[in-house]
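Naming follows writing order (A, B, C, D, E and F), and every chain is counted from residue 1.
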């Protein structure tokens, strides 16, 4: 996204936190400046640091970014150093920390899942879903990428993904995929959610680009992969596993041979990374 | 918030998920209707159900709400029944689930913390902070209330809360509180973050309405309460504990006698409750 | 797009035409009603009629839609009948006509191109591009579909399409496609613009999902198709022709065997269809 | 319009094309810069070049404008040279070209019409109408001016223009004009659409500032002008011709002696001028 | 303005007053209803009552409007009766009263000025200026009309009005008016501010449609009118008086023979009319 | 409020005044610059000067601020000197003057009331209400502070203030205050409007933080203060007087011993201070 659009989004959010003024920071005189650091209180994977740094620069602060999105940082690491008007900094502090802590949390969860999955299958992708917090999709998808994950589709507009509720209308995987093939633009892929190895084969035969194995056991995933291989369709179709995957069983799923494992919790339930802003010097006018 | 403002916010978020159209649901003909249920896949505390129900009604759906915000629901519970245009329902499904799952997650986290705290101290309040996800403050604060918690301040505009970074400017708790008392409107309360029992007393003597004991041990909290009692100030000042409180130690903190225990994780790191929309009947035109 | 989002967009546009009030229509008393028809002054293909009808209903008018998007209509046809407050109708008349005339113009241009292309190649698709008027993409893409065309990608976010300017950075088609394959999500297709039959083969070998033959002669298109067939890649890759296609040469291009022919002029230079609103009865209060 | 308002409008439109990110240009590293030119592939009249140049500068690009709005340019002309971040440039390229091509198309159509009209009547004005694409009125009216045309009224708020549909309510031109004279501010002009030379006289006698001769033949226009002259009202009233004017008959209309000829097609059906952005140098970091 | 645009504007303003929720009215249960009246505590002229009534209806209230905009009301008059959800009514009460009190204040000031001016000159118009409160122009101009006044131009876009600061650039009234006549659309009027009777004549000779006599004495106004009459230009030009006009001297100015007297204070300094909302019955669920 | 949010608000308002372009100032060539001064035509108290100066700088003007918000200025004072593009300056002139004149008017009204009140009671506060013009609350509250007043609550979200209409639901002051104490966050104060000295005592006993004596006589105010003192509650409760206070009786009220006197008219009916922009030098290119 062009950075000017990011500034605008962040400004909207700032307005949520400051409907009128900051009743506390306004006690500090306008001319007072300070130096401060963004300090990690625990280890994690950095995400959206560039966006936050650019926003702070746009607001008039001097920023030195010390960690890039995608990098691991340890407890006690300084992510950014910032200098500028103290009153203004304390006014934006919370928004910026809320965004950063959440984004790093998403990136960290993604990285941890990816590390485990790759132990068993070095080519598997870990992907996000559309289970993102309202308004935060851009930042969460960026954070997933920072963690090494695949963003998956970004919105309802950019892919056909036939899910169980759609299948209730169509009656069968085959009917649904064929309807999609007829109606959809050549520019988008067609994915379908299936609930058995046999349906995976049916989907591939009907022309699906991606099959999502939903809530299958690792054993069933393996079986689906085999069916596709036997039918000579393994190369033509991307196999995605979704539903019920946790850090505990992800290796097992990865070993079963899918191309992609997608997980909602890396966005909707990621624990925020504890990051704080520490003023290290007050420069009175 | 007037419901018309809520609809507008939710519509903004819907636009994030549907920048152009829903490439999948448009396969379903306009006239096709369906009945569906919002099904809890795990137990939790309901939140923002009224907002979601009102929004769905505004979009033209018939909605029967079966659980009210604040109520506990079990695994397998139906939160709402909804009937209307199938294509449209599948288009808003994910947004509405993302909001609901998160809100219920926040309410559940709050309730669990409150239950533990109340075992030790039946009058203690569990409060939220401003560590909310950007754009979601209204809904998260509502969810905290649904869980039985106290929303705490809503924005930077409605309270003076002097934190460690502000204190770096003022030099002392007393100087900061006095500056606030002089400058702030009579309409807002003045709170200050302190890092020792002695500072708590200093704050109260300087006229703070609320003292936030930040990262103190339960023992230090008890000591702060005693100092205030001895000085005859316990009734005049609200004692808030913040920082480092977890489900494991909250009872201990509650027992130490504060009025309020505030926790960021109930908003920023609450695990989403697993809720899904299940189409139970397709009504073809 | 959910209709509520369409109303909002149309309301924004209405505000452009009525910054304060309609200096003319306010001469008509509030209570005066009328019946009116949307009348085609020339033949064409209907588009966006449902959107306009829904918007008018949302504004309080009774609307009877007589032609569906996608249908051909003749000179003198009535597209819609509308009844309601006269002052308000005359205030929205121009906006609604401007949108409708343009959308029908786009649909008509698409249909004419498609008819010719299909004479030579009954399976070829005629597709739009991103050469749409600012702010009108949703409506123009819908109009292209109404004309029987393929919308192609909707935005920069939903496909990788490497164009000549991108190739200047990568140096070769192969390098660009390989970079895209590595970086892009499995959920999006990768297309690349090529300028010779040989590059088309290079693109397909590198793993492109779609090759866009840009400004090639029909003969070169035929040659590219042959190269792909010989390499056994014709089934694996979509062949799109773009650049320099007109109503005069589209048959020739279609005959050369591509899957898709895309044309910017069906959106950016389509002649508006002449449609007017005629008040047929004034109902004074 | 203050340029800051223009940037905002263009940013809104950019968001339409980049709901999340540019899946292609992000393959190019952030630090890579380039030089590029806006190249005319055919001749035309420039319009909105200043707006686009200012916007690009605001986004951080160095821009050298080589053609001013209002100037004719030939095939192969360079309209602007631009230098800056390559990734960002390719992200805004399409929006900026879409706007520029359309604006130049409108200016060119206006200029061609004006040239012909002026051959027959060197003082006649060629004017736009409100038949502009939704959201584009400011830019289209600017483009009409660049072509040498008169923008006519900008919105429904800034003039009284009684059209046939309004006349259905009032019953007669005279009644309508008199009602307008009574109700309208002294600050706005009153125009009325008439369908015969006799009505033109009736309008002028009733006090209209402008009479619009709608769908009259050139002969009827001449007759209307004569009637006004004989009544001594020719100086007091502006005579506008509208409806059915094309490049083929505009000279004939102009010769009939009106002050203004207005045409919808110069905005709603102008052919876009073919302009492209060509990267001429890639500057890798 | 289409009412849907008014609702949107009022909703924006409501969000200013309710950034999160109404901390007081939420104490009242959702189901509780009430009847209430808008009560005038002093006499005045009604304005914007229709807009407020429509907005309240749109929010779900039953409204009975008892006074129409433009009507005089006495102390103790009921302007509207309203019935609906009590919590919601108390939430919008203040916004609606703030708007109504101000609009009625503007209408009342306008009416009082008009009454005096008409004693001396029954055909003179009292007009507003652009000295309106930011964001309130539509409502203030409507209120001026309700008071019997002329709204004058609505924005900078709909008229040429050359003021003293513009004249500093042009050097003379004549040069300025001639430049305007050349550049401006035939659709807009040209007005110029002059500072002597002689300049008024100069302006009229140069082709101004309206001359604004700025800060002239009544005697000078009379002199300007005479000069124009002698030159045979009185009918061709509208004479507007502005600057220094008060309720005390307006009769004297009116008697001097201008067409229009414009006054900033009727919008920027009008005293609000005291109106309150009184709940007359609480209907508990 | 962060200044970037203020620019955005002012830009919104500018768009109200310039929906398309400034038909007059565009006569001045782009390159022409000027120097100008903001000149006070009468004495007053400055407010919002910093906001306006920052906005003008953001628009590209060089600004020298000569008077700070809160300072008294005399007739003929220069508040700011500004230099930059003449066309642009004349385009923003009116918006900026409208805001400044109104803000200074509010500050001046507040200061005058405060001066009188302080004669009788040097510690009394003069406070604003929520009777602010829609959209202007931030600026009006800032202006009240500039005048030396207390802004009081900023919105419905940041305080509980039980008014007469709420009391109709609760039946008694005591019931209402107790309900508020139970439901409200510890972070907000609870105020209640009372209509007799006895109710003031009832409110304080029930735990109100602030009691608003509404429309009491000075004698009744004194009596309320005495009742509170006798009950030992005077220190625990803030006493606010509201309703019917004017410049004529404010001393009398102040003498009766309240902590705060709040007045709606300082915002809703303040007379604008006459300020104009005078171009002092035109610098042609």
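We adopt the following convention: a residue touches a chain if its C-beta (ideal position, glycine included) is under 8 Å from a C-beta of that chain, and two chains touch if they have at least 3 such contacts.
Bear in mind that the values here come from a model prediction, so they are computed numbers and not experimental data.
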{"item": "Set of chains adjacent to chain B and to chain D", "value": "A, C, E, F"}
{"item": "Chain separated most widely from chain E, comparing mean CA positions", "value": "A"}
{"item": "Same or different residue numbers at the chain A/chain D copy interface, by half rule", "value": "different"}
{"item": "For chain D paired with chain F, centre-to-centre distance based on mean C-alpha positions, whole Å", "value": "45"}
{"item": "Intercentroid distance (Cα basis), chain E paired with chain D, Å", "value": "32"}
{"item": "Distance between chain centroids, defined by C-alpha means - chain C, chain F (Å)", "value": "52"}
{"item": "Two or more partner chains touched - positions in chain C", "value": "16, 18-21, 91, 137, 154-155, 157-159, 188"}
{"item": "Partner chain C, residues of chain E touching it in the complex", "value": "1-2, 4-5, 8, 137-138, 141, 154-155, 157"}
{"item": "List of chain C residues in touch with chain E within their complex", "value": "11, 14-15, 18-21, 59, 88, 91-92"}
{"item": "Interfacial residue positions of chain B with respect to chain F in the complex", "value": "125, 127, 150-155, 157-159, 185-189, 191, 210, 238, 240, 259-260"}
{"item": "Chain D-facing residues of chain C, complex", "value": "10, 12-13, 16-28, 32, 34, 36, 86, 90-91, 93-95, 97-99, 101-102, 105, 130-137, 155-163, 165-166, 168-170, 176, 179-180, 183-184, 188, 264-265, 268-272, 277-279, 282, 284"}
